[in-house]
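What follows is a pair of complexes built around chain A, which joins chain B in one and chain C in the other.
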Partner chain A sequence: MTGRTWLRHLAFLLPAAVAVLALTYLLPPFRTYQLATVGAYLCVTAGLTVLTGLNGQLSLGHGALMATGAYTLALTQNALAGRGQWTLLVSTAAAVVVTTAVGAVIGCAAARLRGPYLAGLTLAVAVVVPSVTSTFESVFNSDQGLSVALDPPPLALGATFPYERWQAWLSWAGALLTLFLLANLVRGRFGRNLRAVRDDEAAARLAGISVARTQVSAFVVSAACAGLGGALFAVLAQSVSPGAFPLTLSLFLLMAVVIGGLGSLTGAVCGAVLLVALPAATHSLTDAVHVSPAVAQRLEGNLPLAVFGVVLIVVMLALPGGLASLGRTLRRERPDP
Partner chain B sequence: MERFLFLTFDGLSRGAVYAAFALALVLIWRAARIVNFAQGAMAVATAYAGYSVASATGSYWLGFAVAIVAGLLLGAAVERVVMRFVDHSSPLNGVVVALGLVLVIQAVLGMLYGNEYRPAAAPFSRSAFQVGGVALLSRFDLFVFAAVSAVVGLLGLLFTRTAVGLRMRAAAFAPDVSRLLGVPVAGMLTLGWALAAAVGSLAGLLVLPTELGLHPNAMDLVFVSSFTAAVVGGLDSAVGAVVGGLVVGLLLSFVSGYLGATVAPMAVLALLLVVLLGRPGGLFTRGRARAA
Partner chain C sequence: MPSSPDSAAPPGLALQNIGVRFGGLVALDDVSLHVPPGRVVGVIGPNGAGKTTLFNVVCGFVAPTAGTLTLDGRPLRPQPHRLTRLGIARTLQGVGQFAGLTVLENVQAGAGHHARTGFASALFGLSRADRDERRLRDEAHAALERCGVGHRAHLRPDALPYAERKRVALARALVSRPRLLLLDEPAGGLGADEIRELGALITGLDCAVLLVEHHMDLVMAVCQEILVLDFGRPVAFGTPGVIRADPVVAEAYLGAEVETP
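And then the complex of A and B:
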């Protein structure tokens, strides 16, 4: 990685930050909250893009990793409650560290597994979340979950500073930092190794790349991002419970990454926007058509699922090369050296 | 000791269901090299179809038959409409498409029936017989054993003693040669999916009364347990799937009985992890060639 790449990414980052800042002043509070949610999702989809898109490892367990981050933040934050704004930084860091450690454990197992085996193992990780929170009830408070003690926005910003804007700032600070770091990471040697391992393990091994180490690192990086995303989710919702991290969440994340365009961080941004926009769109759709409240409730919860599923299938079938070739098709647009 | 005996029989009964479900996974894996992650959702969908018929007509067995037939049709439809067009150059593709199916099926079920638990009827009493003062088996458990044994036996006969079974195995083992010899390979694949989905439906009908009931997500944990069973047996082996199913059933029963029901999913995860790291090919397969 040259210094110029680094600067170029910074040149993307600054206008993006300014744009988000402007949006938080222009949008109404609810939209600002949605913007904040996009930021939190973005951390996770960006990390998953690196893992699945660039390294070819499928993870259905990212919902569980988010839960790890969220619960760590909640526990740390509640332990440090009321000591000032800096505690949020500490508990977010703790969330990232703990999730990274969990990701390293799963990643070590994952590096030895391929295809459906890896999918099955990570699926098992995703469904085990409610079991863990119920078994260690005294810590995680079972299905009720924990509430997160958070300080109001700093007084320096003014007494009437909207809370949603503060949340959006926090979550986009995390998201843009994640994007910036990942963009630099995947443009360098690490990214090259990831792609080499994805495209041909044997060739990568012959070229002197440690396949296992590369795969574990990819999982660790991706887990750290998921931990940050989960922590931001806890900050946004001000509570954590197993119900917020169902298996469907993991599938949604994967879908966002697949549809957004595997292997590109721009795709991760599209995916994160889609994750918030699609349920919102179906919500306004069910509001628009006049049906009984019971039917509306059923539609509202399930229509996004159906749309996500159909889009996922169509994208997979319409791109005959599937996951792996998507990146290749994109790269073929550039002249071969 | 009494508790141990009860848990053993309970585990075997659960394990029989997991074995059937794992067998369905193995059937598709052997035919198409796809682990059907939508199996659980498909089974729930057919169980809902059976439930609708049973509550409309008042006959459990009519609902039962409808669910099995719905399984056959749904399996064939999934293969014909979706899975046939999946590109197999990467094993991820099949998994992702199956997960898309899970979302669609669960969403449609949620829209039609709502996301609340509905009671799943059992055809026989679930209260256990007393043998010498010890509660061992219920009529329903006996029904489970009988149904699963029948399915395993029939599938065994189908694959080893009939022309169709031979064609199915040939189509899976050497598709190109089989095609040259006049075997309708695509048709055999559809038949394999249909059979597997019907077996999955049966497993669903057998497991749902013992769990919380009908719910679009009701089979998520069952799927994970059965996947573990199939992996313990080594995905490729039908005998392995049955043994794996019984192992997982016993493990779940003992863990739930002695440590608490909430620990059970973690035990399954631990077993899956141990088997995948220790013997990734399962207990019934030999080693494979190295890549580099």
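And then the complex of A and C:
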């Protein structure tokens, strides 16, 4: 395993970029939009799997961190509205910076807590952040939320360039950048320290690793990714509202990274795909069986959660290492030539 | 403000009148000990005598309720994660390994303070971060070779027999290039041959060693000085010859030594 890290990781991502590009020309608009959503989720799941899988810190607050990124993007973007395409870059950067700062604060508190107390803290964050939007009604417009003023795709791409394709490009640019940076980061000393702290705190200290600093950095990195993911969500939906970031979103994110394979970036990709595919599949299933509107409405919110739960159990029984470990398991079971 | 070395305080690690209480329990009572550079000093005593607690004081896991510590004459306020930078390394009683890391990574983890590049270089995968990683890996390989487990580098620690896991733990301590090495029962669970090899390895080290061990043959063979603790109190101190002949020691410890690992 020699060679330059960045070159090797780029060699992985370039084909992925080409594939996404091709898909945006092959898929119909709705599928392209789903592809864009996968990209936005991928930013979040990649960051979460680093935090929870590699560093052992459970977070039930990543939905709220996404909300932070989304609202920051909306406010910044609306403030800069109409000045050109570059404003999106500025407002996305603002979203990442603000969410990183929020993540640093939560991370400092989280570094003092373990197990159920940590889960409790992040759960509190998940509940409090959306309620902030109704407290400061004049800024966040409470339950209605805000719409996001976005420019159409650059004219250079042609007057009839589909908006969904532009959204998919934006969100996958963010996702692939996130994957590239995280892959660089976790393969070296940073990633090793994360895992050492997760496995044995006393031994990690004696090895010269500051446990608190490592845990806070893990949270900060993870929050930055969630902020970017949230910002991309706002760009995709062209609006933000507290209803888009319920507590169940945080649960979905966590289940997705566990199903994908904790601590694995490949697993984060699987998780992001499932986050879009499973609810969509359940939706078309309920459409197909023609239940009464009242029942359908009740199922709407709960059924995807149940389906996710079932998938989680099945995958954990069959593949304790998550979907990402499928290749490894198959290789082990095939006798060596 | 850098504190100048106290002319009275000796080089190496010195503990002066250390006391530790856990609630009503006196774990250490008025313990003084000096470990000069390069010397191998043993600490023995029955189970619960306070040997591990003494290490915990030196490492900053336990704050002493009385007494002071100095390192090369400077007051020492130990913090566990700063120790390797001060040139102090410690192995834990048991193995204390990172189960999710390979043997090589376990040892690399102990060399982190030799790294010259930081977060940003790693984030962008710059080649100087790669060079740094390669250097840590070479250091880790060398430490594993030195402890005789170089061929295990790519396994998980729990795939190794106990004796080899203890060698990996030792390699992780040595990779930090300590001036003072604290070994807490390194021979626990080892067979006679393995203990002899461990003895040779300890004798061949170029750093000071503070050794806690129940295995008397090893202690007597490698230590130049031995401190005997009983219920947290120092009951004897001297060369192996002196300790072996001391009737108080025989009563407090050697007479009671029935446990074989």
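We take it that the second predicted complex is superposed on the first by the 307 of 337 C-alpha atoms of A that agree within 3 Å, B and C clash if a C-alpha of one lies under 4 Å from a C-alpha of the other, contacts with A are read in each partner's own complex, and residues count from 1 in each chain.
Here is the rule we use: contacts are C-beta pairs under 8 Å (C-beta built on N, C-alpha and C of every residue); 3 or more make two chains touch, one makes a residue touch a chain.
Keep in mind the model is a prediction, meaning the values are calculated, not measured.
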item: First, second, both or neither for A:82, with chain B first and chain C second; value: neither
item: Which partner reaches more residues of chain A (counting touched residues only), chain B or chain C; value: B
item: Which superposed partner A:209 touches (first chain B, second chain C, both, neither); value: second
item: First, second, both or neither for A:123, with chain B first and chain C second; value: first
item: Touching partner for A:158 - first (chain B), second (chain C), both, neither; value: neither
item: Touching partner for A:195 - first (chain B), second (chain C), both, neither; value: second
item: Shared contact residues on chain A - chain B and chain C; value: 202-203, 205-206
item: In the complex with chain A, residue positions of chain C that touch it; value: 59, 61, 80-85, 89-90, 92, 96-101, 105, 108-110, 112-113, 115, 119, 122-127, 129-130, 132-133, 136, 172-173, 176
item: Chain B contact footprint on chain A (complex, rising order); value: 52, 56, 58, 60, 109, 112-117, 119-121, 123-125, 127-128, 130-132, 134-135, 201-203, 205-206, 246-248, 251, 254-255, 258, 294, 298-299, 301-306, 308-313, 316-317, 319-325
item: Interfacial residue positions of chain B with respect to chain A in the complex; value: 29, 34-35, 37, 82, 85-87, 89-97, 99-108, 110-111, 114-115, 217, 220-221, 223-224, 227-228, 231, 235, 260, 262-266, 268-269, 272-273, 276-277, 280, 291-292
item: Parts of chain A lying in touch with chain C, wherever the complex brings them together; value: 4-7, 9, 180-181, 184-185, 188-190, 192-193, 195-196, 198-200, 202-211, 217
